[in-house]
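For reference, the structure discussed in these notes is given below.
As written, the chains take the letters A, B and C, and residue 1 is the first residue of each chain.
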Amino acid sequence: MSIWEYANPKKFMETSALALPWLTGLSAAFLGAGLFWGYFLTPDAAKFGSTVKIIYLHVPAAMMAISAWMMMLVASLIWLIRRHHVSALAAKAAAPIGLTFTLIGLVTGAIWGQPMWGTWWAWDPRLTSFLILTLFYFGYIALWQAIEDPDTAADLTAVLCIVGSVFAFLSRYAVLFWNQGLHQGASLSLDKQQNVSDVYWLPLLACIAGFVLLFVTLVLLRTRTEIRARRMAALLVRERSA
Amino acid sequence: MRPACCRYPDVLTAQNVAVARAGVMVLAGVSFCLNAGRALILRGPNGAGKTTLLRAVAGLQPIAGGVLTAGEDDIAYGAHSDGVKPTLTVAENLSFWAQIYGTDLAASAMAAMQLEALANRRAGQLSAGQKRRLGLARILVTGRKIWVLDEPTVSLDTASVVLFGSAVQAHLAAGGAALIATHIDMSFAADELDITPFRADAHAPVLSGQFDEAFL
Amino acid sequence: MRALLLRDLRLAFRAGGGFGLSLAFFLMVAVIVPLGVGPAPATLALIAAGVLWVGALLAALLSLDRIFALDYEDGSLDLLATSPLPLGGVVAMKALAHWLTTGLPLVAASPVLAVLLNLPAQGYFWLLVSLAIGTPALSIIGAFGASLTVGLKRGGLLLGLLVLPLYIPTLIFGAEVVKSGAAGAAIGTPLAALAAITAGAWAGLPLAAAMAIGANLR
């Protein structure tokens, strides 16, 4: 029994159907608990006031925006190397979710930045990098939509995803060089000194777990939809040629 | 395993080959072999999959099943469109392909297709039939052993069809081979293969990799 | 390989090849921008480096879809793919031809346009250097983008959407070289980064583009 068995559409449909209700429940529980805890049961920060609480949306969304692209990269590589259709469809399914997370990260950042820095937008390296990531998501999604033949589209988007990853990485460094910014350092790190204090840390972890689960749930759901769409297309072809 | 019809020296063998177009099986179970000095003509109605099969033989698309064997760097592919550059002259078009294939056959190919009088004319000013002759001369220029031609006689007049026929005959006599999809009768002796019976069951899944990943 | 390069150059110079269009567009940008932002020399000097680089970028972008589209339409790309040339080599040669016919003229014309934009005198040399090193990257990245959209009827807009994000690092480091150079500051890091991007792009992207073309021809 190899892990690649799950790449068979039929097997994937069976397994994901079993997993989805659990994943849905878990992500709702983690997100609900984390957000409630974070928004209502923690004190306002001395320096930032209650605005700090937007980190419960902002930080997990931003983390998942990058993770979603990473997942697409892995799925693209699997498609190119092993030609599993489900892998290509999962990458396709993840893109709009990743784009949404990116946009959530940008919008919540702007809402937080207004009271903090006195501006909705600044060309800070992190903000700029996220804006660039948005552009990469747009291009990727547009390429999927432009190409009719599904296997060709999968090949081309996979190549774009790999090349795009390299250039997104380069852009990150280029932007850092271009402008040293005003965004604070990472909110989570192993170095305890620099971490946000424990009061905020635990609910934030819960929210991150919730976002991860939400992402997995949505990707499974959308991949199932894509597989069904492929089935429909195959049925239509059979109908026409019969 | 070689199909029973094959005898040495065969240059191109198809064994149970299946091809797909846009994710749908078009042909399955196609077997033939092409021996040196022979021509094989593919017959079949429009949409039967002749072009798809030829593109697979030329290596432009993967086959969906079976085995296809041909000598490396043996195939010269001539498609529907000739790849003629309208702003280059006839001679420039041919010498470009001669350089690409590393041959010095441009002049002899021009002679064989009776294009010498047009050598310095821009390809854009040629008639459709003349352009086609230029496209066929390009095949001669490659110097390759197996010609894979898709509807080579389209827009040729009767005299040019004869000209093309004698070029193929000369190629076969020199030990070459040709796989040709066409509707008309050729002036040279050739085997024929009607691909209509190999039409694939569209229900058949297109396999890829080790797993059956059919969506149905 | 050389034959392909020569053919592409010849095609570009013959009628209908579109040679010079990019150059005219580059000039257009250098004229339009001062008309938009006003003639104040100080303002123009401030933005000259960035505008020239953005102009070069857009001018290169304009001619990208020609790299493969014509060969795709008339069937040459099929024939090149079945020829003895490796497809990656075909991509590299076509990108090189694109650079020689659009990138190089842009480099040569840039000092003249820099006059229009009041670039500080110290910046001229670095403008030439940065464009000479950076525009080859624009051509090969663009060829990669064009290889993705070659099968599409109306790929032009999509091509821009795909290629412009990939141009960002080149743009940033390229403009930075000119800005720092004009200000008399150190240019070592951005110049090295720019050269590295160009070298890396030429090493890796022909193969990626060959994969994309292979998929598009299927």
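Basically, a residue touches a chain if its C-beta (ideal position, glycine included) is under 8 Å from a C-beta of that chain, and two chains touch if they have at least 3 such contacts.
What you are looking at is a predicted structure, and each value in this text was computed from that prediction instead of being measured.
A.B. asks: If every step must land on a chain the current one touches, say how few steps get you from chain A to chain B.
C.D. replies: Minimum step count, chain A to chain B: 1.
A.B. asks: Would you identify the chain whose Cα-based centre sits farthest away from the centre of chain C?
C.D. replies: Centroid comparison gives B as the farthest chain from chain C.
A.B. asks: For which chain is the distance between its Cα centroid and the global protein Cα centroid smallest?
C.D. replies: Closest chain centre to the overall C-alpha centroid: C.
A.B. asks: Averaging over Cα atoms per chain, report the distance between chain A and chain B in Å.
C.D. replies: 48
A.B. asks: So, what's the distance in Å between the C-alpha centres of chain C and chain B?
C.D. replies: It comes to 37 Å between the two C-alpha centres.
A.B. asks: As a quick test, compute the distance in whole Å between the mean CA positions of chain A and chain C.
C.D. replies: Here chain A and chain C have centroids separated by 32 Å.
A.B. asks: Do you know which chain C residues sit against two or more other chains?
C.D. replies: 218
A.B. asks: For chain A, which residues are shared contacts with two or more other chains?
C.D. replies: 149, 151 - these are the residues of chain A that touch more than one other chain.
A.B. asks: Which of the residues in chain C come into contact with chain A in the complex?
C.D. replies: 144, 148-149, 151-152, 155, 158, 161-162, 164-166, 168-169, 172-173, 176, 189-190, 193, 197, 204-205, 208, 211-212, 215-216, 218
A.B. asks: For the complex, which residues does chain B have touching chain C?
C.D. replies: Touching chain C from chain B are residues 58-62, 73, 75-77, 79-85, 87-88, 92, 96-97, 99-102, 138.
A.B. asks: Which residues of chain A touch chain C in the complex?
C.D. replies: 132, 135-136, 138-139, 142-143, 146-147, 149, 151-152, 155-156, 159-160, 162-164, 166-168, 170-171, 173-175, 177-178
A.B. asks: Which positions of chain A touch chain B when the two form their complex?
C.D. replies: Against chain B, chain A makes touches at 4-5, 7-9, 82-86, 148-151, 227, 230-231, 233-235, 237-238, 241-242.
A.B. asks: Write out the stretch or stretches of chain B touching chain A in their complex.
C.D. replies: Answer in residue numbers: 22-24, 202-203, 208-209, 211-216.
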